[in-house]
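Which chain is which? They are A, B and C, in the order written, and residues in each are numbered from 1.
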Amino acid sequence: MSAVSEPMSPRQRATWAVILGVCIILIVIRCFIGEGMGKVYVEPTNLQFGELSADTWKSMDQSEFATFVASNPDAATEQWTQYDSVPPSAYFEQQQQGGGGSIFLSWPRTIGLWLAAFFTLAIYSFLYRDNPFYKFAESVVVGVSAAYAMVVGFWDTIVPNLIQRLLPQFAHDHLTPGMTLPTDAAQFNNLIFLLPLALGIMLLCRLVPKGAWMSLWPLAFIVGTMAGLRIVGYTEGDLLSQVRDTISPVYVPGADTSTPFMAVWTTIWSSVAACLLVIGVLCCLVYFFFSVEHKGAVGGVARVGIWYLMITFGAAFGFTVMGRIALLAARFEFLFDDWLWLIDPNQKRALVETVSMLMCL
Amino acid sequence: MMNFLNTLDRRWIFLAMALCVGVPILVIGLTGYTFPETPTPLAEAFFNEVDTAGEAKGRRANILVALDFDPASAGELNPMAVSLVHQCAQKGHRMYFISLWPVGPQMIMESVDKVIKRHYPEMVYGEDYVNLGFKAGNEQVIKVMGIDLTTEFRTDVEGTTLSKIPMMQGITNLEDFDLIAEISAGYPGSKEWVLYAATQYNIPFVSGMTGVQAPQLYPYFPNQLQGLLGAIKGAAEYEFLVNNWVREDAMAKVLEAGGFPESKAMETAAALASKPQQVSTWTVTAEASTLGPEAKTKLIELATAPIPGEYLEGQRRMGPQLFAHLLMVFLIILGNVIFFAQRRRGGGA
Amino acid sequence: MQILTRFIPLLITGIAGLVMIISAFIPYTSEWGQKAGQFFNILAAFAFVLGGGNLLKVHLKKISDQSVGWGYSGVVLICFIATLFVGLFKIGAYPNPNFPNVPFSGETQGTGSWFWWAYEYVFKPLTATMFSILAFYVASAAFRAFRAKNFEAILLLGTAFIILLGSVSAGVFVTNWIPNDGPFGDLRLENLRIYIMQVFNTAGTRAIMIGIALGIASTSLKIMLGIDRSFLGSGD
């Protein structure tokens, strides 16, 4: 077989250039057909709030808010405009009715959509060969992913589970006003959470060369708790439960009792399956038992174990392929639906739009 | 020819794969055609567990919905999550959303937007469903939830203390849930829920998972895992089951309102839902004489109304799946033909 | 120093592990396990910060050394800092309607916020595409590497074929001639697939699971008893 990274002939390169050129031309043509492609529309909603009493706010509509402000000139108020994405069909409908509605094209989200398409294609460009677009996209995903986990970890775990306990008043006033303030006794008990705070800070000392030893304490805690948890979880859930499930009757009455023949037949079939299962587990375990040399009868049993394992790996391969293809299909659906507006499986645009575009092509 | 295949550049294989996936998506997208699915016992078990949850206690079921996945696996798992929420919403179960993955809250929001906000706007946040968000700590989160979940999930994603949320009354730990339904993309995921929740507390547990994970979870079925959806195939089967049942359930409600006894209504609805094209002819038969014209129109509407696109994502994806699988089989056979032809000629691999 | 870098960490590991074990068996001590779990989860969140800090350190070094591809390190840092900034400060996030006067009360990931934008149009397409690209490589690998060289390989290939075909309508089509409710109904590809998964795959995986469980139990015990100290490093 040829090497995977064999250089291409000029003829092959030209063929790929033609394929790429045709794709680009089709996309450019697509941009000018019908309503175009890759646009995101939003509908603004004005929200107004008035403070009825301390910490009690009420959402109001426009007229109610005006009345409230007029009658309570000193009361605190807040208002902002919220933009929600709407399907393009809502915008088309608005235009058909003569325009003038509130739905409009959102540039930040439209640019975002095109950026998403660019990133998708940039990653796929690696299939041709490694290139700066791919490297750029790869760098972006590394940076964004690390920050993403940090942000979510902070707002979803550190704030509610640590800051709310150690600085409840601050958390209540500035971060999570919906929380209930603890009683004094509860607050005293919460002081124990200074311990994970200290351990957390020690963990961060790993970033400083001279303080790296301090991170060993929290690391030891992490490793110790995980070891303790897993020893119980795996022994009960995997070892004992799986052994128990294997020690089950090998005579299994068949499910189909429509005729005496089928009752006997399905009983045989199910019982054989139960036997094969027990035999398989034992054979595979013998194969994993390396303290005895795999020769003679043991070797024969171990060989049957290998056959079972091969079938297991074949099944794993089949399922893995299935999964990967589904992910690819999802990305293609994004490109064809959200970006190119070639298909409309979620009825976000009028079907007429799609068909007319294809006819033009 | 053999020489050409032997030196075939991998990019042509990539192109073949792209076409096998891309063309069916376009065709299915334009025609709306999806392949019918035959649910396997595992998908049926998943469906039945969700369907019967809480029945023994004679109250609305509390379902802990854990969406432990991210966009990288959403192609496989989103249809499962959407169908799960769809079934729970139609059934009237209370849903408690959580995630052990940092991006999980986005997956929760997506499912809630697609199903609850779009199709069940009457459902009230805090009474019918609640989003408890993400917690770091993997299986340790499950461990703490088993003892007292309110110490771990102190507030919902909006920062409201759990005691102020009506549907959290009476919920202290994992044992207060009638079912844990989880969609998993890896670690932490199905395995951790089996080990630290389902096995330790003997709580009914069903899970949908990626193709990579599915074979590893089969040994847990049915004792530690009562329902399993593996990869996009499992998603499509479950989606098919849920869509059919939702139609059937809606028809049964119309029939019941039209005077049919409950059992008869369910039986008739099942028959009608399996053959929706025959509903209009059935409405003129003597059996339907007790129904009013409005009920009849409603029945025909239910039978003929297209299923919203978001409820067909899994079944749609089985189209490209078919052609890509055929390509894979073809490529393996072709690779072997070349290999054996070469070996016969004395060449090496 | 040995006390700080060896003795105390080993003591912490042993005690922490023991607490988790006894809390699983003695109800009275379950609260200890709960507390340890809560501490662990807070530390896990700190680990995210550590990960970010490490990333910053590595790429800042690359930039300062101007090593190969340092420009891409710049991209990593810009994206990291920008996402961190918009996320931590909830830029563009709408406040919670119940507390409109508290700017930080809204959802970080709520639709419309800048952090949501970064997720929707950057994080989501990038991570989803990264994983989907494997479909291409799996096809190429299948063409080049899957060889029926011996009986074991034939078993593996045969199973893969049954799973691949039995999962799609092609499987139904190929063996449609076998009556589903007849005595040989289980030989239909779609049924054979289920049989393989529930019998052969279950047997193989179960044996692997039992082996792994034994391995994890013994490794955990070694860690708790201080026999396995590899996690503490060489101490240099």
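Note that a residue touches a chain if its C-beta (ideal position, glycine included) is under 8 Å from a C-beta of that chain, and two chains touch if they have at least 3 such contacts.
Everything numeric in this text was worked out from a predicted model, so none of it was measured.
For the pairs A-C and B-C, the larger set of C-beta contacts lies at A-C. Nearest to the common centre of all protein CA atoms is the CA centroid of chain A.
Taking the mean of the C-alpha atoms as each chain's centre, chain A and chain B sit 15 Å apart. Rounded to a whole number, the gap between the C-alpha centres of chain A and chain C is 11 angstrom.
Mean C-alpha positions place chain B and chain C at a centre distance of 21 Å. Touching two or more other chains at once are residues 8, 10, 14, 17-18, 21, 72-75, 102-103, 105, 135-137, 140, 143, 152, 157-160, 200, 215-216, 219, 230-231, 233, 321, 324-325, 328, 349 of chain B.
For chain C, the set of residues touching two or more other chains reads 20, 24, 37-38, 40-42, 44-45, 47-48, 96, 98, 105, 109, 111, 119, 123-125, 127-128, 130-132, 135-136, 138, 140, 142, 144, 157, 160-161, 164, 167, 197-198, 201-202, 205-206, 209. Along chain A, residues 1, 4, 127, 148-149, 152-153, 157, 161, 175-178, 225-226, 229, 234, 237-238, 242, 245, 312, 315-316, 319-322, 324-325, 327-328, 330-331 each make contact with two or more other chains. Within the complex formed with chain C, the residues of chain B that make contact are 8, 10, 13-14, 16-18, 21, 35, 38, 40-42, 70-75, 102-103, 105-106, 109, 135-138, 140-141, 143-144, 147-148, 151-152, 157-160, 200, 215-216, 218-219, 221, 230-231, 233, 318, 321-322, 324-329, 331-332, 334-336, 339, 349.
Interface residues of chain B, counted against chain A in their complex, comprise 6-11, 14-15, 17-18, 21-22, 25-26, 28-30, 32, 72-76, 78, 102-103, 105, 133-137, 139-140, 143, 152-155, 157-161, 163-164, 194-196, 199-200, 210-212, 214-216, 219, 223-224, 230-233, 308-310, 312-313, 316-317, 320-321, 324-325, 328, 338, 349. By the touch criterion stated above, chain A contacts chain B in their complex at residues 1-2, 4, 6, 8, 12, 16, 19, 127-128, 148-149, 152-153, 156-157, 160-161, 164, 175-180, 225-226, 229, 233-234, 236-238, 241-242, 245, 312, 315-316, 319-333, 336-337, 342-347, 354-355, 358. By the touch criterion stated above, chain C contacts chain B in their complex at residues 20, 24, 30-31, 33-34, 37-38, 40-42, 44-45, 47-48, 96, 98, 105, 107, 109, 111, 119, 123-125, 127-128, 130-132, 135-136, 138-140, 142-148, 157, 160-161, 164-165, 167-170, 172, 190, 194, 197-198, 201-202, 205-206, 209.
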